[in-house]
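Listed after this line are the structures, all set down as structure tokens.
Look for chain A in each of the two complexes below; its partner is chain B in the first and chain C in the second.
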Partner chain A sequence: MKAEEWTNWYPAPHPQVAWRMIDGEALLVLADAGEVAVLNGVGSRIWQLADGSRSIDDIITVIVAEYDTTADEAGRDVVNFIEQLVKEHILVLSERTAPQRAEKSS
Partner chain B sequence: MAVAVNQFRENRYQQLVARAQRSRRLFSVHWELTYRCNERCTHCYLDVLPANAAVPGELTTTECLDILDQLADEGVLNLTLSGGEILVRQDFFRIAEYARRKGFALILYSNGILIKPAVADRMADLHPVRVELSIYGARPETHDRITLRPRSFELTTRACRLLVDRGVRVTLKAPLMHENVRELHEMRALAASLGAEFRYDTTITPKDNGSLSPLVHRLTEDDLLWLFRETMDEKALRMWRGKLAQEFGPTHRFCGIALSSLLIDPYGDVYPCIQTRIPVGNLRRQTVREIWRQSPVWDRLGRLTLENLAVCESCDLKPFCLRCHGLALVEDGSLHACASVCKREAALRRQVLEEKGVIV
Partner chain C sequence: MIRSFVGRSEIQIELGDIPVSLVVEENSFAQRIRSHYADFLAHRRTAVITVDVRVVEGAQFLPVTPGAWQIRTAVRGRRLRFESYFESGWVDFEEGHGELIMGVRGTVENFLRVLYAHLVLERGGLLVHAAGVVRNGLAYVFLGPSGSGKTTVARLSSDAIVLSDDMVMVRTTKNGVRAYGVPFRGDFPEAPRSNVAAEVAGLFCLRKGDDHSLQPLPKVHALAELIACVPFVMTAPAMSRRAMAIGERIVHHLPVNALTFRRDAGFWQFIAPGDGRSGVDSHRRETHGTRR
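Entry: the complex of A and B
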């Protein structure tokens, strides 16, 4: 898929991932692989935004607003980053917004 | 702008855990969801109840989900769910599925008796970090004699196969007893043949109700010497050489008690850990945050460092001792007492390390 074709998709955590934010860093446990991953500051912010409710375009917009970067640079980096996480089964992409992460009613 | 994922960095994870401990962040919780069980293991430290017993005092589903919300808000990542047997709770999957949606890394303890294909499917959908199945021998007759349940070996190994077939990481864990210790290598081979990891533990404790009946199963000195001689391979010897080279400063801790973890029982009572059953609070009357941040027990436990354990400070076995404060309390009468069962193991461990040439 070309980068521009990704941007309307909605990234959300892969079901295998358990995670918490620790002092601004996202600590991810990849249960199926039995491994852990730690994201850097910008990556952690993208992870927080990738909750299934925002498209990649939406995420790029937030990153441009919050960081010292251009739309082109942010677009390229965010897409590459999300592509890597999808390949690693850390994120999944869908064409629609995902349901809320936790509902008490089953 | 640099966007990066530092993946597969175990040392980075350890750094974050160490940081959590330094800042006393609640990071790991062990939750005994029920004391009902469908086995009757002869060595069990719990006074277990029948699987179908009515237990009015158990936390309700609604209470469990509320506690999960609180644990997530507090930043807990690792959540171990155990029993009794977790699967005798009719609402187990409701609780576990909610926990996963809240982002917890789940570790599930089970005996596997109730894990049939449909249950294994649901457990796999939880994406647990691992499922730990208890194994008490490499042979059906050894295992079933401890669980007091016919065919339990067959059912537990079937559960292991079903889970492994679905991509779940399984650990077969063996509490080592006089009755099964000589099957250690066979148990390890069994786990490997099933695609599971293997782990063992020598800790057999009195029952939580005070009964000493489990202690007859504890490893004898001969058993422990056999075990240490069999398992002190090059890797273990390297680890012990490194450990013995370390200095034991006044602030040395023997374990991570009170730093980043706690235990919840089926009735909402909270304790420091599985061995140290000092009440810290109750989740029907207090919040997780109140218990974690306000109970004076944590401070008392936090002071269990070498400088405050006179009996350990002067003991020449301390480099070899895997001291447990909880065992010192329950068996030797005080958190500050010598944990005599740990000292016994330490002396035998030193003897084998001498035999292996690690100590001259």
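Entry: the complex of A and C
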């Protein structure tokens, strides 16, 4: 799929992933793989936004508003990041919105 | 408690205040269990799980192949399944009982590791891959995967009581975090299996190096390193979430540092506060009445 074709899709956490927000950073546990990952600041923000209720386009819009970046740059980075998480079975994509998730933040 | 059945006995083992009963045939196998877990035998308490252990000649469940030790576990609802080379069993946490079938070459050790990982998780604690030692009344927990130096750190702590060089049970309390010795060992089998518990002074994530140094870890990385050292129970998202919640309470209470160390005992100068409190809390004390 080309990058521009992704942007109307809705990313959401894979059902096998558990996560927790700690001081603004996302800690992920991949139950299938038995792996643990910590996302950096912007990655954690994208993770928070990828709750199934927003399209990738929506997420890019938020990132452009919140960070010192251009729409092109943010679009490329967000799509690459989400593509990577989809490949690693951390996010799933759907064509419509999913019920909002509720995991713990601290 | 040792209670006679028809040719069978109940051997109660207690780790971290959690009693489990093994019902076994009264023979040399039962004697081996009593001897191996001597410091962890419990009396007069109601077991949270009773496991019927049967030794079956020729039983083998997985082929023995070179590589990492194979332990397969699965949880469905409140039922845990366990399988390794010469052991296969299940536990129903709702009903409080289970069964373990073993070949002659089998042991109960790995089954107990898996079972206790689940039991302590339900009770607000974690069984973690770590070396643990008690020094001046305080426990020091050294986290790390295989090859990170857990056994080395335990061996270099000659003036300390070794909780384990492989696994330690940690549970939160009202005032902090407590570490409990377990009878499970890694590459330091000769270390006494001491049934000892103590308040935890700190968690240390092991890094091998050319010198000694301490580096405080941000909370999210501290929790990530702790959770990465929790075996057996992270196979389902619900249990992972529970482990993370418990882990977050633990790292909230404790300093967590990356400890880079070389192979000498000098690392203690960096981590010991030097004002250890009163002695060790032995679980063989009067509370369970087994002091001999």
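Assume the second predicted complex is superposed on the first by the 101 of 106 C-alpha atoms of A that agree within 3 Å, B and C clash if a C-alpha of one lies under 4 Å from a C-alpha of the other, contacts with A are read in each partner's own complex, and residues count from 1 in each chain.
The rule is simple: contacts are C-beta pairs under 8 Å (C-beta built on N, C-alpha and C of every residue); 3 or more make two chains touch, one makes a residue touch a chain.
Just so it is clear, the model here is predicted, and its values are computed rather than measured.
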Quick one: on chain A, after the overlay, do chain B and chain C clash, or do they fit? Just give me the call. clash
What's your read, chain B or chain C touching more residues of chain A? B
After lining up the shared chain so the two structures overlap, which partner does A:Gly34 touch, if you call chain B first and chain C second: first, second, both or neither? both
Once chain A of both complexes is superposed, is A:Ile46 in touch with chain B (first), chain C (second), both, or neither? first
Quick one: is A:Glu66 in contact with chain B, with chain C, with both, or with neither? Answer first, second, both or neither. neither
So, A:Glu25: does it touch chain B (first), chain C (second), both, or neither? both
Once the two structures are fitted together, what part of chain A is touched by chain B and by chain C alike? 15-16, 18, 20, 22-23, 25, 27, 29, 31, 34, 36-38, 103-104, 106
Going by the contact rule at the top, pick out the chain A residues touching chain B in the complex. 15-16, 18-23, 25, 27, 29, 31-32, 34-40, 42-43, 46, 63, 67-69, 73-74, 77-78, 80-81, 84-85, 88, 90, 101-104, 106
Contact residues on chain C for chain A in the complex? 218-221, 223-224, 227-228, 234-241, 243-245, 248
Under the definition above, what is the set of chain B residues touching chain A in their complex? 1-10, 12-13, 16, 19-20, 25, 65, 75-77, 94, 97-98, 100-106, 125, 127-130, 167, 169
Can you check the complex and tell me which residues of chain A touch chain C? 15-18, 20, 22-23, 25, 27, 29, 31, 34, 36-38, 103-104, 106
